[in-house]
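Data block below; observations after.
As written, the chains take the letters A, B, C, D, E, F, G and H, and residue 1 is the first residue of each chain.
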Amino acid sequence: MAELKLMKGNEAIAEAAIRAGVDAYFGYPITPQSEVIEYLMSEQPEHRTGMVVLQAESEVAAINMVYGAAGTGKKVMTSSSSPGISLKQEGISYLAGAELPAVILNVVRGGPGLGTIQPSQADYFQSVKGGGHGDYRLYVLAPASVQEMADFVDDAFEMAFKYKTPVLILSDGLIGQMMEKVLLKDQKARLTDKELQERHGDWATFGRVGGRERNIITSLDLQSEKMENRVHRLMAKYKRMEEEDLRFEKIKCDDADYLIVAYGSSARIAQKTVDLARAKGHKVGLLRPITLFPYPKKELMEMTKQVKGILSVELNMGQMVEDIRLAVEHKVPVEHFGRTGGIIHTPEEILKALEEKIIKG
Amino acid sequence: MAELKLMKGNEAIAEAAIRAGVDAYFGYPITPQSEVIEYLMSEQPEHRTGMVVLQAESEVAAINMVYGAAGTGKKVMTSSSSPGISLKQEGISYLAGAELPAVILNVVRGGPGLGTIQPSQADYFQSVKGGGHGDYRLYVLAPASVQEMADFVDDAFEMAFKYKTPVLILSDGLIGQMMEKVLLKDQKARLTDKELQERHGDWATFGRVGGRERNIITSLDLQSEKMENRVHRLMAKYKRMEEEDLRFEKIKCDDADYLIVAYGSSARIAQKTVDLARAKGHKVGLLRPITLFPYPKKELMEMTKQVKGILSVELNMGQMVEDIRLAVEHKVPVEHFGRTGGIIHTPEEILKALEEKIIKG
Amino acid sequence: MAKIRGAIVVDTEKCKGCEVCVPACPTEVIGMAKDVNGKGYHFAFMANPEACTGCSNCAIVCPDGVISVFRVKADE
Amino acid sequence: MAKIRGAIVVDTEKCKGCEVCVPACPTEVIGMAKDVNGKGYHFAFMANPEACTGCSNCAIVCPDGVISVFRVKADE
Amino acid sequence: MTEEIIIAGFGGQGVLSMGKILAYSGIMQDQEVSWMPSYGPEMRGGTANVTVILSDERISSPYLTIFDTAVILNQQSMDKFEKSLKPGGTLIYDPNGISHHPTRKDINIYRIEGSRLAAEMGNTKIFNMVILGGFLAARPIVKIENVIEGLKKSLPERYHKLIPLNQEAITKGMDSLETVQTI
Amino acid sequence: MTEEIIIAGFGGQGVLSMGKILAYSGIMQDQEVSWMPSYGPEMRGGTANVTVILSDERISSPYLTIFDTAVILNQQSMDKFEKSLKPGGTLIYDPNGISHHPTRKDINIYRIEGSRLAAEMGNTKIFNMVILGGFLAARPIVKIENVIEGLKKSLPERYHKLIPLNQEAITKGMDSLETVQTI
Amino acid sequence: MDIKDIIKPENQVYKKTDLMTENALSYCPGCGHGTAHRLTMEVVEELGIKEDTIGVAPVGCSVLAYDFMNVDMQQAAHGRAPALATGISRTWPDKYVFTYQGDGDLAAIGTAETIHACNRGENIVIIFINNGIYGMTGGQMAPTTLPGMRSSTSPYGRDVRSMGSPIKITELISNLPGVYFVSRQAVHTPKHVRKAKKAIKQAFENVKLKKGLSFVEIVSNCNSGWKMTPNDANKWLEENMLDFYQLGDIKIDGQLVQK
Amino acid sequence: MDIKDIIKPENQVYKKTDLMTENALSYCPGCGHGTAHRLTMEVVEELGIKEDTIGVAPVGCSVLAYDFMNVDMQQAAHGRAPALATGISRTWPDKYVFTYQGDGDLAAIGTAETIHACNRGENIVIIFINNGIYGMTGGQMAPTTLPGMRSSTSPYGRDVRSMGSPIKITELISNLPGVYFVSRQAVHTPKHVRKAKKAIKQAFENVKLKKGLSFVEIVSNCNSGWKMTPNDANKWLEENMLDFYQLGDIKIDGQLVQK
């Protein structure tokens, strides 16, 4: 039954996972996302839906438990925060290479190193360019509200299975820790074993049921020719993602002379800047990429016909700004404004930066 | 005593490490770089110079052993190949955050996942954008010959200590496995404890010798303001690297109408393409970035005054090409040609791509 | 006969009022202040100073190391 | 009296000539061929077929699983 | 209408749950709400604060540096947040433990003796409800019945028996608010 | 002068070390050299090959797909590399185990009975030295004294006593090369 | 009696199980991996559980186990097979999930995953091939390499002082309450093969009981890494490895076997 | 006799060591971390080795140990302190290198680093604070959490069947030949504090012998995580933790202590 609740982003995604019929969650505690596993444990989803929740001995173990379960066709997810996500990079690269569906949540905190536990977006590069080794990408969703934390579980699994790929939900401490109201969807049933076998029997490893030929999950191709084919197959998927499953949101862009591009928590804050700017008479719009990979390149290029300059607002020292520049092919000035180390920029300082770097500049 | 030898890249770097007076090496076997630790073990450097060589239980342990030893002011290095380097990402982020000097060698193989053991350059993004979490970069050196494998040990440590930063030597299976002649430098003495204490006594943790105040190595700043300062300090270093320690090589660029940009093994192969192209009457030059971070942005921009187009030649599906586009601000067409999955492009097919994408295109 | 007398000094600003020292004292010397210190903690004090033998038990269990102990042999 | 007779068939193209089967045979049946197979290995064969009892020892130690074993009770 | 509120005090004072009840109350009257805590490694005795926004419109930034209303429960928070109020804003504080009282002239200031009143009611745990009452007296932005509904929603079922006590504390708080200065 | 050579055969035939000696010989006469093996997960019995380049100039690509000279020691390698020779190039092979002999008409072809000769000399380990001798007879690109120097450099000190034997094998190889076709 | 009369289908007493594929094994001649593969598959066949069996291959020489074992298989990152198996077994609690791992994989990089899967008592089978070396990468020292034993990273022999002693991971995990069955076996002679198969069978049978993890170590040769002929390697194994890694059951029905 | 006459410098019999800094400890009131810190520093002071001591702080509540211990210190990634200590000790073989780690750090994510540093017999001291929970991150279940014990990730009590049994990592590593000294202690009463200090002192003294690793576990409270007052937590510790984690020396001079 759909339900309206006040929840933390971390709790909302956990509840949404149960309702989405997720089969298993494997994770290891780390601030600011430990509420995900805590909420799951307190809800005893094994009684509600039969969902498995296990605290792993480490993030490395967790991502590899995900790999194992994903390889059987199950809907499986994990979550962590920056240092823990770094540890998962080998596993993520394996998931991508073996073409397994899985959902990974990163509730980003300030880095590098142990850093701070405050919100940050400094893992953008790692998320969209591939923090692990090899030629691969993730489908990356960036929620900007508690509602989206909940909604993106379903979306993420849809993409994960559509493309047989790991999907990253790139959140941050602000979205994870804040409470907002959230409309929770109805409970979806988990696939029965039989349904799963029918749906995924051509690739998943759940045993040679009915005596079918064996299935194999691997990312190894000793022959380079085969490996190159595998990579080309991946690249074709990424292209298709761009064509079919790109997502973004435009706020007050219709008449905009200047554009802010921001995602996740920065988008929330920058939205206030848009209002402040407009109150001062600047026609500013906000383009919020919802998918960070694929990236709204065409849309940005389109916007260059209209806007005089673009400010990339990020909780980091300048990462997404590169993707904007690549997208607009340097047709309009693109500048970056960001705070880092867990400091959250204020709507006012974003406005100031906008005025200094774009409007006046 | 300087010496001329025929060696594999992996052996040359190991021998050069002993001669450079490196204090310690910690690593874990993985193809195509296991010769590094094998060579070191067979040379018994503890007898030659007192250098410590230890086979760790994993790449994660190895990078953290490096962290510990580096924190005491020692010259310390590790090596691995792609999957192992992915596992080291947390540790690398910590090294950057704690501002520790260390040298990491990645002899890249084809990924993602277990992939192949053949040469690849698909870890470019991971290397230059930061595969770990947080706002940091590495100083990245890309050797293109066995001689450079040897020479870059000294250079890498110089940079590591100059900037107090981890330095990545980004090689690949081709450079690691091939033999060429190499002129080995004279043996340098390792720092004595006393020398080390004098040189690094203001930050390194070797005990409060002489009753000095304690030193602390950490990457943690619970206060975001302090953490932001730390990140700004890092960014200032990266800027300085660009000003003072950028490296590249230009081959036949003086009269070039077209430019190939390639590093490492691709640069070696592309160099042959330059000859083939010139034999056919195309004035093609090669710009070889030696440092991948910092990147020769200004030089590339300068070249746009002269060349009609640029081909980025990489053993991957298109990574460095983004940095070229960013550098030249889309002033001339920039295209990518690459093979992946361990396949090495031939000089002939590079020429074909150049003709199709740049010269005729 | 020489009697052992002791006394403790609690760094009241650093005391966290955890009360771990209280049961550690064999002679029930320590009580917790009604007042709070700058951090809002009720700090420990010698409620029963006469009984203190300076045995240091309280000091060595104090997690915050805020107790100093003094001891003299006093003639009765 | 019924005697047990055995025989083995070696998949000579898959045999790697490791010789592990040789000492495993209690009756010294197996020898290595002078010839090599397509992969360049000297393969195993029944050098002394009369002695084979079909005990399967050779087959179960063969790492490549290339030996099949047959056995009959034969009247003398 | 949009109300941007900061509630700040010591870790154990129930700052976060007071904010949560307030946010739930907003939901009960169909408003958009957000609740953004400061979070950190639990160093007990440290400060805790939460930004609560209630609005009739979609809320943009849940993280703010200037506020309409501040509820201040210890000295550190006073030092930090008095200056973050908008001119014309409202400051509500518990004088217990406050050595430097607010000095701004361009804001409304109220006092509520939360600690004392809670102690008088024999239950220090309802301290934050007394404060909530005081807040509601100064800023009646949510209806009391919605607060009670919010309370129900935010308390686990097994604690619902405590709702009358909480309600009493809120009423007590509402009745006990002292006006220091209105502009 | 630049000579681009592929040497290809089975894993245990000493292909890599033959290439290494050749490369060292180049160094001994002050040439630039490169030696690039195929490497793979050691599936014993698989093929092994190495590309060796000797040149008076700086060597660009150490990895090649067409060659001046091919030294071929088993059938798989024949199938793979006969077609990679430049027109006018040189193919040297050991006929032992070869079922399909080379057919190209635009290259020079030589045979050297390496296996047989090594067996005759009572030491299969010098097989690759016999082959090297054959190579040198066909392509005298390095002086024999430089080969001996190269041998010294590439063998660990403790094996230097074997150098005369190796030298003998090389000589045997040089003397035993059979010309199949020259163009 | 003619050989032809013996070699008839009805007389066949030993035949490779169909659960081994027709692919030629990628192992060196004489390597024990092949035998261990075959025993595992024979057990799966004899128990009639191929429809319910999922294997996990490691990184190591047996990385390609999925090419040879004719059951559903996943290939794991180096050392993480027990984590994969946990993920599979937790979501398919009635299946037979096994890992097949080398000593480097299981006792070096995978130590944490091994210990914790054992400690949680995952309802899986671990087949552990201890050949005292890293075979696949060219014979480097493993955690199990014997004192004084040469490898490419201990070319002068394992120096216990600086490289540590060989680790008896099998004994170590036997102490964990989550572990239900532990046995150490070998496969270099027919007698050992028979015993090893019994142990593997026991391990798979235990899965039905859901009482914890079953662990079978197989001490095996890596003749290439050891630089010996297969038969010499097996002799060396008998004389050196088995002295240190003593064969036999170590834990049965959750109880340590008293020695 | 007046109190003033007693409180004189010359009468002082207990004074906080100078090797604890003046920074106020960041721990919750009554948390055993403070005591364990102080004992460690008292030992370093008494042995006169502060010029030769390097500590490694973990990730856990004691992540800030470097703010309190007045010796050179490094902060390690979660679980990796033994690897750092290895790196330090190998390059400074005559120094006193110690790690200070929580149970999550040492026995969960850091299992492999712990086991292998122990197995290699690194010449270091490991101080292991077992409070049966992840204190820093808000009281999640640790590998050491007792059966039935509640935590934020075992809110209905640790269910051994699905979460595994608490792991006695200390007993486990005692079996490794590289480990020279192992002792389990507590710090919640004066008596326990005195014994714990003796064990820590022994551990540091062992470093001089270069015979292997010394390991001291300290069973401690996490009153916040356990949601008890400090004194209740200490009582609970006495009654529950010590039953499972029995105090005393486990290995002395490289020999297991017979029980």
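Keep this in mind: a residue touches a chain if its C-beta (ideal position, glycine included) is under 8 Å from a C-beta of that chain, and two chains touch if they have at least 3 such contacts.
Please read all numbers here as calculations on a predicted model, not as lab measurements.
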| item | value |
| --- | --- |
| Smallest number of contact steps required from chain D to reach chain E | 3 |
| For chain C and chain G, chains touching each | H |
| Interface with more contacting C-beta pairs, comparing B-H to B-G | B-H |
| Euclidean distance of C-alpha centroids - chain D vs chain F, Å | 39 |
| Rounded Å distance between chain B and chain E, as computed from the means of their C-alpha atoms | 55 |
| Inter-centroid spacing, chain F versus chain C (mean Cα positions, whole Å) | 87 |
| Distance between the centres, which are taken as Cα means, of chain D and chain A, whole angstrom | 60 |
| For chain H, residues contacting two or more additional chains | 28-29, 63, 75, 77, 108-109, 111-112, 115-116, 136, 138, 143, 162-163 |
| For chain C, residues contacting two or more additional chains | 16, 41 |
| Two or more partner chains touched - positions in chain B | 31, 54, 57-58, 60, 83, 90, 94, 98, 114, 117-118, 218-220, 222 |
| Interfacial residue positions of chain G with respect to chain D in the complex | 1, 3, 5-8, 11-16, 20, 24-25, 27-35, 38, 187-190, 193-194, 229-231, 234 |
| Touching residues (chain side chain C, partner chain H) in the complex | 5-7, 9, 14, 16-20, 22-24, 41, 46, 49, 54-72, 74 |
| Contacting residues of chain H [partner chain A, same complex] | 59, 63, 75, 77-79, 108-109, 111, 134, 136-138, 140-141, 143, 152-156, 162-163 |
| Chain A partner contacts - residues on chain G that touch it in the complex | 50-54, 56-57, 63-64, 66, 70-77, 80, 83-88, 90-92, 95-96, 112-113, 115-116 |
| Complex contacts: residues of chain B adjacent to chain A | 60, 82-83, 85-87, 89-90, 93-98, 108, 110-118, 120, 122-123, 125-126, 129-136, 218-232, 234-235, 316-317, 319, 322, 325-326, 329-331, 339-343 |
